[in-house]
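In the two complexes that follow, chain A is the common piece, with chain B as its partner first and chain C second.
Moving on, here comes the complex of A and B:
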């Protein structure tokens, strides 16, 4: 069927535009206008063009936190893939009666409050919390794990894991198992079949899902604010600090624009890699 | 099954099961710990009591936060299902080439880090003296939820049999009538499900709203976040439990809607919660 035949002639450009209008209005007022204003404000603030940016680039603390944010986001993406892919396989390979239950175990946390879930980890890591109780059973003392980078990483993996598992599950379900069977019958071992046949076929989906995690992690705010100490704050926390504690709006704007550029760069890189992978498979 | 195949499957099952336990554990801990009546975090709870829940219900400021959040969530849910629904239909009904051009526009607010949106929106709201207003809260949330509804509705609409619309037109119904009598009822359940999910997202939204708060105008999630930042507080556990249960109820409702629709109509048209990712 051709693309043209797939729609009724009632969708004239005019009618489509009218239907899009409310969305475009919200997008303009709530997204485009504020963003343009933020870029403009941050460029014109202070003495001379882009003064708040050059001040930012001279600040070692800013670089420190930017690099930490990128490093943490990368680490979390890797952990999520290593845990998330087997989880997707477990669900996809489960009997049809069990599958909805396992899926629900991923979907319910996904749609539950991030603050509530993060606060659960607070209860795990806090002094005399779950970990200390367990350590106590084995004669260990308090572990002092709250307000550390480890707590932040665990909390963020918890929030982001479902976002990776759900699309990976869909990809595993769509995978044509006959490809693996062909490889096995030609004498490829189980490991070689997994790593040289199945994973390369799934690679574009894995890449897309992981990029999503990475970009969300770059802008993460709630979890590091609640579970992290002064040494484990990420870019978003620094930005909000400029607004809520130092009342330095241009600086906050400049920081957030740098963060936006980092996210866009990651997306562009990933899109390039995605196209390469797709072309190789075609 | 060969032993190598068994090893592979065992690895998936072991790692996957641990991951599922990992996903559920903190939620169980929150719910159980909120049942303890003590001043400090106690797990497992030493006694079962609803002490901290009645504390929330009795507290004027928590009640106000709940009320404000429910108002914002309801308005956002309605706004984003209408705005996102219309946009979703429109984008599904243009040629694939035009759709490829519109798609980035549709998802733009979802790929920009939320803090960037929050700071930008706050700057504008400050200038226009909108900080603390209901309009600002609803607008800030609709930015994040309308694209989601649009994506869901677009998905449903693309799977829709276009001949239903053609049949209506050829029987003499006007385009507007066709839209209202044929298209809207077909995508309506997806838009409603999208609205319900938007409702859930608003309950939890911290970053956009954090900068928009004014005295007496603090949404629940922000209040929860600010309290949690000061350290351990059983009342935060209780409020968190309430949020987790609310999510469960809304998700159950969406799932029930889906299974009812799946029985009544074509399976493919039932809104899919997992598709919202």
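Moving on, here comes the complex of A and C:
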């Protein structure tokens, strides 16, 4: 074989770097620089090092909203799994001809604008909206659901559900159904098979998908802004308020960074748990 | 002895006879995909029955129906005299070993093997001993704390067997359990499976596409083709007295010579071969009628290669096309006017490729079957 016949590898590290340059530039200008600047500004603003942080940590309202954000994100993640896993099972188990239709029912909303979908719920919860009309049929009065925490949770579950269903569907499809058949043949009933065999085997995938939902929910803005009231604002709404209404940029930056740290902590915890689960399976 | 080894001195409960009978089983998928067509089969208590067939013959479908993982379109499955067609798999008390073993990856070997005991609510204290017994039955004593991923293929296979035998099932269903193992390990596991079968006394229903495996291990073999049972019999029956050309060619090599039936007596057909010779060839009752086109089946080891004509009995002139040594036998490909003929010899002959020779065989060692069924796909030699 001659040297000419051997083709040079198409993707040398140098070429890959050149091809990645536009992406890296956008990432640097749009993400890394602002982040570094936000960290720097938030640490140096006011009198003394990290003054905006200590002010923040002394503010009970901040703690309230941070905990509410984490609680809401956790609640949404749990609701999404409880609804999303059976949905994924249903789609994966559907006849081959029906499956694409069911998948489309999940994907099409996923492709639609979050604002539009949230406004859909607005019409449901608003005074004299769908819920009030239905309640009226049964003699009930206005339900005052708009601007409640419930409205925020329902809206966010709806928006985030596809992001959970799609990876879970893939995981269920990849699951070796013979494990369940083996469990049945060994005398394990349907419940034992589900809880002691199938779910433990799927656990890493479920954990990964749920962590995704949790982290996205932590920073969610549009739905709580539109459907939530003053008592159901989440961290991102508070940040926006600091910027747009109080012009307190360092405080907003400090809040964002605390939120970012919370998300990173969640990811780290989840990654640890994931590795633990994976090791049990490997 | 088996019960003893598995830690239960009491003998098998007499209320659960393990004889299995399948009657008129049909399985159709969707509108028109017929996976099984009118299958009848019986496996006696403690028998080793193999379902043998090429891929797509319905053997795994049949096993899955017997295991209760799928419901037949029509037909009945009996255990003893009890109709179990509608009994769910978890209540059939059958053991199943899947081709990929289907060990639970998140459990240790101990928990895998204890799983069926836990499902049967066997007291925790008793489980330990029975798990140990089952693992020693398959020769895996020191692996209890390992996970399946830490075991070799052969070891995983043994764990799967231990797990399927620990609760003393009445029937063990095995779906190509040796398919993923390399050749030498496969041969060792064959011996191992036969030993387990003898030792436990459990009825084995074994699916394979490997004819050698089927011949070696089974008490009886059911050959499946296109969703139907082609023939059921002992390995020797099938090899020496195949019912169809498919069975003849699927189990080992078979030379076939076209002939016409002249006359049929009990168990013997008077035939005229297409190259002129006449002979009385053994055949099964009620398969041949005078005037029918038939085939004379001769196994390669029944053919004798000679350098001259004998002019008595069945013989054909030809020339050697190829000589191959396999380690145990010499294989000769001989070109004749009836096509290529395979002859095996345990000793080396003087003949070499290109030589003109005569092949000869005795009518006694041949077998006549009706022509017209299709031969098996060229299998691995």
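For this structure, a couple of remarks:
Note that in this section the second predicted complex is superposed on the first by the 274 of 282 C-alpha atoms of A that agree within 3 Å, B and C clash if a C-alpha of one lies under 4 Å from a C-alpha of the other, contacts with A are read in each partner's own complex, and residues count from 1 in each chain.
The rule is short, and it goes like this: contacts are C-beta pairs under 8 Å (C-beta built on N, C-alpha and C of every residue); 3 or more make two chains touch, one makes a residue touch a chain.
Source: prediction; values computed, not measured.
After superposition onto chain A, partners chain B and chain C are found to sit side by side with no clash. Of the two partner chains, chain B is the only one touched by A:163; chain C is not.
Applying the stated contact rule after C-alpha superposition, one finds that A:181 touches chain C and leaves chain B untouched.
In the superposition on chain A, contact is made by A:189 with both chain B and chain C. By the touch criterion stated above, A:280 is placed in contact with chain C alone, chain B being left untouched. Between the C-alpha centres of chain B and chain C, as viewed from that of chain A after superposition on chain A, lies an angle of 90 degrees, to the nearest 10.
Taking chain A as the reference, the larger set of touched residues comes from B, when chain B and chain C are compared. Look at A:59: by the touch rule set out above, it reaches neither chain B nor chain C.
Our summary of the superposed model lists a minimum C-alpha distance of 5 Å between chain B and chain C.
The contact surfaces that chain B and chain C form on chain A in the two complexes overlap at residues 189-190. Within the complex formed with chain A, the residues of chain B that make contact are 2, 4-5, 7-9, 11-20, 22-30, 33, 40-41, 43, 82-84, 86-87, 89-91, 93-96, 102, 105-106, 108-109, 111-117, 119-124, 127, 139-140, 142-143, 146, 150, 162, 165-166, 169, 175, 178-179, 197, 200, 203-204, 206-207, 210-211, 221, 224-225, 228-229, 232, 236-237, 239-241, 243-244, 247-248, 250-251, 273-274, 277. Chain C contributes residues 67-69, 88-96, 98, 100, 102-106, 115-116, 119-120, 147, 149, 163-164, 167, 173 to its touches with chain A in the complex. Listed in rising order, the residues of chain A touching chain C in the complex are 176, 178-179, 181-190, 192, 196-197, 200-201, 203, 280-282. Chain A meets chain B in the complex at residues 3-11, 15-17, 19-20, 22-23, 26-27, 29-31, 33-35, 37-38, 41, 83-84, 86-91, 93, 102-103, 105-124, 126, 128-130, 133, 158, 161-163, 165-167, 169-170, 189-191, 194, 215-216, 218-219, 221-222, 225-226, 235-236, 239-240, 243-244, 249, 252-253, 256-257, 259-260, 263, 267.
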